[in-house]
Amino acid sequence: MASAAASSSSQKVKVGVLGATGTVGQRFILQLADHPNFELAALGASSSSAGKTYAKAVEGRWKQIKRIPANVADMPVYECQAQHFAQCHIVFSGLDSGPAGPVEDAFRKAELRVFSNAKNYRTDPLCPLVVPLVNPEHMEILPFQKQQVGTKTGFIVTNANCSTTGIVVPLKALEQSFGPLDKVLVNTMQAISGAGYPGVSSLDILDNVVPFISGEEEKIEWETAKILGGIKSDKTAFDYHEQDALKVSAHCNRVPVIDGHLECVSVSFKKRPAPSVEEVERCFAQFTTEAQRLAVHSAPAQAITLHEEKDRPQPKLDRDWQNGAGVNVGRVRQCPVFDIKFVVLSNNVMIGAATSSVMNAEIALKKGYLD
Amino acid sequence: MASAAASSSSQKVKVGVLGATGTVGQRFILQLADHPNFELAALGASSSSAGKTYAKAVEGRWKQIKRIPANVADMPVYECQAQHFAQCHIVFSGLDSGPAGPVEDAFRKAELRVFSNAKNYRTDPLCPLVVPLVNPEHMEILPFQKQQVGTKTGFIVTNANCSTTGIVVPLKALEQSFGPLDKVLVNTMQAISGAGYPGVSSLDILDNVVPFISGEEEKIEWETAKILGGIKSDKTAFDYHEQDALKVSAHCNRVPVIDGHLECVSVSFKKRPAPSVEEVERCFAQFTTEAQRLAVHSAPAQAITLHEEKDRPQPKLDRDWQNGAGVNVGRVRQCPVFDIKFVVLSNNVMIGAATSSVMNAEIALKKGYLD
Amino acid sequence: MASAAASSSSQKVKVGVLGATGTVGQRFILQLADHPNFELAALGASSSSAGKTYAKAVEGRWKQIKRIPANVADMPVYECQAQHFAQCHIVFSGLDSGPAGPVEDAFRKAELRVFSNAKNYRTDPLCPLVVPLVNPEHMEILPFQKQQVGTKTGFIVTNANCSTTGIVVPLKALEQSFGPLDKVLVNTMQAISGAGYPGVSSLDILDNVVPFISGEEEKIEWETAKILGGIKSDKTAFDYHEQDALKVSAHCNRVPVIDGHLECVSVSFKKRPAPSVEEVERCFAQFTTEAQRLAVHSAPAQAITLHEEKDRPQPKLDRDWQNGAGVNVGRVRQCPVFDIKFVVLSNNVMIGAATSSVMNAEIALKKGYLD
Amino acid sequence: MASAAASSSSQKVKVGVLGATGTVGQRFILQLADHPNFELAALGASSSSAGKTYAKAVEGRWKQIKRIPANVADMPVYECQAQHFAQCHIVFSGLDSGPAGPVEDAFRKAELRVFSNAKNYRTDPLCPLVVPLVNPEHMEILPFQKQQVGTKTGFIVTNANCSTTGIVVPLKALEQSFGPLDKVLVNTMQAISGAGYPGVSSLDILDNVVPFISGEEEKIEWETAKILGGIKSDKTAFDYHEQDALKVSAHCNRVPVIDGHLECVSVSFKKRPAPSVEEVERCFAQFTTEAQRLAVHSAPAQAITLHEEKDRPQPKLDRDWQNGAGVNVGRVRQCPVFDIKFVVLSNNVMIGAATSSVMNAEIALKKGYLD
């Protein structure tokens, strides 16, 4: 479908949102309602919402500070079937993992480019798992994916789990500056919004911390390897092997914070002597990515904001910095056991979810991956 | 003062509380008001409280669920000068670190046994730093301490920082079963009550996590070494050397939890092959300490409670188990980077503070260290 | 069934719990596991729990600080059918309002005395709506209820909504001392546990207040009239008429508090001049009820605890006073618009739910209503 | 000083902020750093801050989501003495009530127009107490104030307490449409930010509600009368008499909400029959004030936003609507005791504090009160 790229110069690319009424879907709506490159053209949700206007479908469930955009409120909601999205070139998927598998595949087969926040295709060897501030070049596998699944334009790109997203950005910066990492230990303190709505019962989390999130530690441990690994030179596979030596261990906790995942990270490097605290701080502060170079719409001015105050970043104070599109790092210091330790904050509902999908699509558009 | 031990058989030992109106002091009051071995005989606080009854002195500041014990409400509050504590054999100190240094020394010189929750003498090479479920034998240095400072009966025993206390109990269990540890990485999520009253501003912690607690990481790192280290055979010094190889790294965070410090711990052992998850679980479940063997009043039935549910221990649900006198461990599992990882919960206002001091004194009484 | 009363002198009355795995059911278990008058003999829950042991049925859903009582953990759970409760004389119902209607009626028809926390029969003109500290004499309608429904021993007694319970206790005290009330305006700030588990989503209540609880304001407004009204002299009906003149208006809010409903109340009296603040305080402090006179097991020593501190009662500090079985009143003062205003705190999961049902049964047992 | 008005057409009016480092002061900074009419020219704070740059003076105390404006960070901070504000025409005061009395008077005497958020001069019969969406015409007393205190241009205008501000806006709308009110009962649930920083201890408010705020109920009760009362025709006094009949009663509570005061209000009218729910809703939705008519910079598009959802307004979701400059009303319904009841939400740190002061000054500028 040459039109997607062609149209981008003169007019906006028409896009749809799957799972539009859920918490991630609502964030997609807010990001796309007034986007310079994309035009929101179709909305999909479950059969109980289909046939209603968007405003009606989310009645009592719209939990955003911003109001429903006026140009979206009256849009009709359809079932998540490709026939209703015929005018779209791209769909963003905020579907739950239950329906996401078959639905996203059906949309791909219907020649739609799917940018998905669901976990289903993250492990697929043909599907790139892309954090836009880390590995957009993984999308170079898309021609091979299309060839293998027999589509002309349809593909699936996934973005990472919200807690993985936060740490791979600084880890990528370190790896780029100082070579391969040896070991990473991360302790997460994750916001309740990461569990969706209604998600975490207030009785479970008020005056409490829950030291367990189902499947989360495993996701961090293997997603990090896929994301930080390269793509083979023939663009047909990801090079997990490259990261074989990298050992990652995660402790995941749910805390009574609305938005913003805070993570304490200890890292050791292969390189001896290891870089100093000052070198690491400089590396973070200067880290620039393809998203900044391409100056795509959702890109933060700085991929990493380095905080100087000794008690920052903090979820409440820093999660909305740069509209939640970058990550925040602070407290870089020596680790008595590893080499370096630091704190990372990322906004799980922005760069940890919808913002990643949208920024991936923006990069794909600029790089010609949509052609 | 032979009378302290002698009296213990027939009658209660008279004790005082320093800093009686503060948050730790209030806990001392609750633990001592109806104690089988100790009789609360004198209360000390700042000059602004001196001269009032206890009830009057804590008016508007008594923040306990339990009421002020009836037999304490009308007791007079004195300034923290030894002359007002002449009838006491022991004083428990809940003083802030500001006044604690000179005041505790003055009481020691006045031949009182001081059991202190303050940090001032923890680093003193003559003062034992005792977690009652870990190293009560460190109190065997007391004769040498008395000799060195020139007292007959007066000494100072300190207990550990609340976040250290939680982890040294399971670490001691592991070391006892499997030999020396190699590396420990701990991430704490600490309750607001750890900062005293008024302590943490609600504006700093509601919907937030603060990834910094002044001085806390350093305390965990060195206190662990002193506590887990032995005492030299001539009972004149602690054997830090023994723990030279043990590397400890801590990330400390304040979370919006009222009571109960939750800590995620990763450990590696010197022993190869390292113990299995099942061996570690058995080690925790079976860990018994001097406090249980002596059956002192405040001792928990189990030093460590091993939780089987995959999402426990949790502060809200488990902090009051065994009256907060033991520690709770759960989620024992393989660590991809270290050998084993697990979660610890300890009640920072109980075993992490006043309960430790009182249990230390109970053990001292039974073991004859008060003679 | 004469045996219920007869047995009470010599042995415990066998009781069952319906909805035993829910949040109210769990509270019934804790109150009945070691009760001097009642013996827990049968447990009922939904078909998904039936056939399991109680411990297995509540796995992952037991959200109490106290552990599952050892003598209950292995009890079998049945479906809520009367045949499984043949040995019981009483059942306590913690059922949701969905199943409660037909199930409770079936148990009544099977000659079981039902003490229910569900709302279904509260409006029934034959069913007493009893707050044990207010109107236990309403149970004198039970012979007429049994006659009308054609049972020998089976009946249904309901207790009130948790937010109603808190205010009717002080209102009863006022009415008893000063004659009929004229107007009552109440503003509630209700705990999340009032909505059951999972109940309120953490995303709805953290850093928030929700000024709406479905059906709650209406319940307070009419339940108050039924409870404070008398019972006709022939014991066949409740005398709503008596309260015709009493106007009640409620504003209901959900707040981020775990347990304990706080309510601000303004009251005006028919009596002129209205009683003074001192008279009202004396009235509250001296209020004694049938529960105290009969000295039933769950009765609080004082029906109303009058707090003197200017900022009390508070949920966190006062909800567990007297094991949550009484109510707490404070800040009695002149109201510029009504006569008097004050603050009430009641523990919604104790006197506001299971404790009311159990205390009603205790009173019924002592008064011979079970014969 | 004719220049203030004159300059407004061609250039910005130079303004200062007193108490610039406190919580209210920080809000003034954010509102004034990029204001179309005002230019931030001087900052005042306590002597411990004087001599530092603003960024240095608030180090560790800047608790805003937004960063310190770049053009303010390097401004010097002075002591609050008029000599340092010679170039300013206006000062905004975020001073604590301790220093506010004499300092504001000194600035007035030095011919500065003082717009103050402090409570000290609210009761002064010469000082207008102005909520910009309610009674800006009270500023017509300023010529008389200047005459009485002997200044040419210097005066003091105060704005109301944050909890008063929320209710007087809808009460003014009602009074304007339906004539005098008879009785008002209000129950507040106030955010922690209302107490400043550090303000409320987290130990006092997490999992809790505190049913007492010192002096707050009295403030609501008398401020409402002054604000809703008229100004005498000769512009020399406020006409409290007009509101003699209006009785206001307030219950004030502190809740664990960061920003946004929620208030439940019951109202009765003199007018019989009282207006219907629909008439009241229409009155709120159509309420327009001088701030809208003058279209001053900080004015919200709608003074009152009427919410249709049955569970709104809520602090978390609605406090930032219209940048917190208007008030939110919902749940208008019959009151069984009064005539009408409803819920109000106002942002205590915006329209409840700095936004009121700034909007008052904007109105004063447009109306020529600064001349």
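Note that the chains take the letters A, B, C and D in the order they are written out, and that residue 1 is the start of every chain.
We adopt the following convention: contacts are C-beta pairs under 8 Å (C-beta built on N, C-alpha and C of every residue); 3 or more make two chains touch, one makes a residue touch a chain.
Here the structure is a predicted model, which means the values were calculated and not measured.
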(request) Average the CA atoms of each chain to get its centre, and name the chain whose centre is farthest from that of chain D. (result) B
(message) Taking the mean of the CA coordinates per chain, how far is chain A from chain C in Å?
(response) 49
(message) I'd like the Å distance between the centres of chain B and chain C, where a centre is the mean of that chain's Cα atoms.
(response) 42
(message) Can you work out the whole-Å distance between the CA centroids of chain A and chain B?
(response) 44
(request) Two or more other chains in contact with one residue: find those residues in chain B. (result) 63, 206-207, 256, 258, 316-317
(message) Please classify the inter-chain touch graph. Allowed labels: line, ring, star, complete, other.
(response) complete
(request) Can you check the complex and tell me which residues of chain C touch chain B? (result) 60, 63-65, 67, 206-207, 258, 309, 316-317, 320-321
(message) Considering only the defined contacts, which chain B positions touch chain A in the complex?
(response) 183-185, 187, 189, 206-212, 221, 247-249, 251, 253, 255-258, 262, 264, 266, 310-317, 330-331, 335-338, 341, 343
(request) Could you please specify the touching residues of chain A with respect to chain C in the complex? (result) 63, 192-193, 197-207, 256, 258
